[in-house]
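Look at the two complexes coming up: chain A is in both, with chain B in one and chain C in the other.
Presenting the complex of A and B:
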């Protein structure tokens, strides 16, 4: 089992879009303005194939929010932003409450929360639809290069399979892009695939 | 059973109540099962009063709605939640303890972690006081602002220095071009300053520079107006949104401000007191504009003011660099 089928990927895209909708609702509440989130595509890649081009954020420095989760399958969920873009998003989110000068001190924590909202929403949608319980760590935020991120994802495995989610995030008229990356070890990928099969069979 | 600690050892109770972090545990029905010493201290609610209550009713004031929905998310999905200080500030009714700030809410950072106790999902709520880190950041920021101010101030006269002017001039001009608004630039030079210095000495020279800088600065009225020491006895002023006719009046105002100081200058070839020459130019906001060319135009106007007798102001209309030679007297 190397990968997921087209049908399975479509199913996942649907699941994650439900999650994105939930995250958008939470974010809109915080921002006090409409936030739109959508997941236009889901793809499976080997970690060796991942480079700045695949990520497609036009940068080599990323703000990354990590959460590790265990349960029916083990994975590391990471939300990647272009580093300077991350700040802009947080600024937009906080514009009503805080001046830009005040921002630096809060950046890290706010990024954690932003990542946490989006990751949680996607994970909970997955847990709901696929009916898999999950345990998850608190998020942490780092600024790193793609190599450092891949290294962290690979830990132990030589060449893990990654599930790449491209998420579009829009606040007001500004268009901001973020990438949510799920990392699944090959054994976990099989487990996920089984869960999706079950989900597809049930409908 | 509402109290998680009812069967815990004294040691565990002592530790949980002494720890410098707020700890609350709620069960899956969201009623309080642990309320540690830190929370008691800052909420003013004893654990006897809080235990068994619904979390939304345990505090003296209602928690924020984001906090309440975060708890149900954590319990329903088993996913941890972060409520950052940046986006929430003070979700819980926890108050400062020192006398001056009594009644003021603590700045909070909160994390919610789902935990399993006796096979049932609970939610552990950790609250930290972020006031200290915010205070530390503020001190650092004040320091950095101070350093920034020093880096952009002329040490002798206390007005802005050349570095500040160069940065802000480019931005202001770019804005004027973008918005199609005028901007006027004035170059100011103290007449026969070298003679003044030689005759009265450097200390008197410094005093004269300070007096002139202060007199020029006093003529500015809007925050966008800038006066800076350009070098030696030369000053530069930048006034966004000032048209040519106002600029002419303003130049005269500058000249008179220095004249009215009535600083004795016996070595001046023209008057018995300190005077200034002014060259100015205006960008009308109707074309593209090279920052160097506008500054050079004003400088050429200053040159003309000196050539035509000093203690006066002279205007030149903006000209691109390659056309400038012809207008110099």
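Presenting the complex of A and C:
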């Protein structure tokens, strides 16, 4: 098994749509401004196929928030922002009065919090809609290149499956693109597809 | 017999809304569209009573489509069904004369929508 059916991907997209909507509502309260959401798209890739072009953020350094999910299946979730945008988002979260230089010391904590909000919103949507309780670890934040991120992904399992969620979260005039990646082992991908089939079968 | 148009770019979402509506209103005729532009065409062709409308879709925003549909067909009732639960979206839905209902689609949210349509 190396993919999901079109209908399964549609269902998963809708789950993430609800998740991203919840995340945007929380983010909007934090930054005090509307957060514009793009139509999300979901694709499954092997980790060996991942490069900068697939990620599509047009940069080689990312602010990356990692969190591990456990439940009906296991997944590592990674939220990626272009590094320069990450600092701008932190500034929006803290206060626009603070200079970019001073922000560096808050970056770690603020990005973890941001990742926590977005990843948990997606997780809670998945848990609610597919009716599968999930737990997650505390978030950690690193600034990494794509190679370092792929190395970390492949450390867990050779040729793992990646569930890529492309969604733009745009705050005010900032074009702050965020990308969400779920790393699933092949066993977890099968388990996830079983849960989605169950959801589709219940409609 | 009432005619309902379901507008959503997600096929699964349309399936879920259709199934919930059929369960409580088995006689309604149900049409589907996957974008705002198609929704406008279908409502022009005739006699649609109710509409559920997603917001984030390829092409125009669902709220913009709903606004134009309501201007041309003021007798219609539209429920904006969206995952984008920010206050600005809810305010926008209310300002154009529709109601806002948060996704995911559930029995409870469908009953709010049906009550609004029939009320």
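Operating definition for what follows: the second predicted complex is superposed on the first by the 191 of 203 C-alpha atoms of A that agree within 3 Å, B and C clash if a C-alpha of one lies under 4 Å from a C-alpha of the other, contacts with A are read in each partner's own complex, and residues count from 1 in each chain.
As a working rule, a contact is a pair of C-beta atoms (placed from the backbone, for glycine too) under 8 Å apart; a residue touches a chain by one contact, two chains touch by 3 or more.
Please read all numbers here as calculations on a predicted model, not as lab measurements.
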Practice item. Based on the superposed arrangement around chain A, label chain B with chain C as either clash or fit. Key: fit
Practice item. Can you pull out the angle centred on chain A between the C-alpha centres of chain B and chain C, to the nearest 10°? Key: 110
Practice item. Could you tell me if A:20 is touching chain B, chain C, both of them or neither one (first, second, both, neither)? Key: second
Exercise for review: Go through the superposed model and pick first if A:110 touches only chain B, second if only chain C, both, or neither.
Suggested key: first
Review point. After superposition on the shared chain, which partner residues are touched by A:149: those of chain B (first), chain C (second), both, or neither?
Key: neither
Exercise for review: Check the residue A:124 against both partner chains and state whether it touches chain B (first), chain C (second), both, or neither.
Suggested key: first
**Study point:** Of chain B and chain C, the chain that contacts the larger number of chain A residues
**Key:** B
Review point. Between chain B (first) and chain C (second), which does A:164 come into contact with in this model arrangement: first, second, both, or neither?
Key: neither
Review point. After lining up the shared chain so the two structures overlap, which partner does A:133 touch, if you call chain B first and chain C second: first, second, both or neither?
Key: first
Practice item. Go through the superposed model and pick first if A:30 touches only chain B, second if only chain C, both, or neither. Key: first
Practice item. Kindly classify A:192 by the partners it touches after superposition: chain B alone (first), chain C alone (second), both, or neither? Key: neither
Exercise for review: Pick one for A:77: touches chain B only (first), chain C only (second), both, or neither.
Suggested key: neither
**Study point:** Smallest separation in angstrom, by C-alpha atoms, between chain B and chain C in the superposition
**Key:** 16
Practice item. Using the superposition on A, tell me which residues of chain A are in contact with chain B and, in the other complex, with chain C. Key: 128
Review point. What residues of chain B sit close enough to touch chain A in their complex?
Key: 65-66, 69, 73, 76-87, 89, 109, 111, 113-114, 133-134, 137, 141
Review point. Can you list the chain C residues touching chain A in their complex?
Key: 9-13, 15-16, 19, 56-58, 82-88, 102-104
Practice item. Under the touch definition given earlier, write down the residues of chain A that touch chain C in their complex. Key: 7, 10-11, 13-14, 17-22, 24-25, 28, 34-35, 37-39, 125, 128-129, 200, 203
Study note, to complete from the structure: Within their complex, chain A touches chain B through residues 26, 29-30, 67, 90, 93-94, 97-98, 101, 103-107, 109-110, 112-113, 116, 120, 123-124, 127-128, 133-139
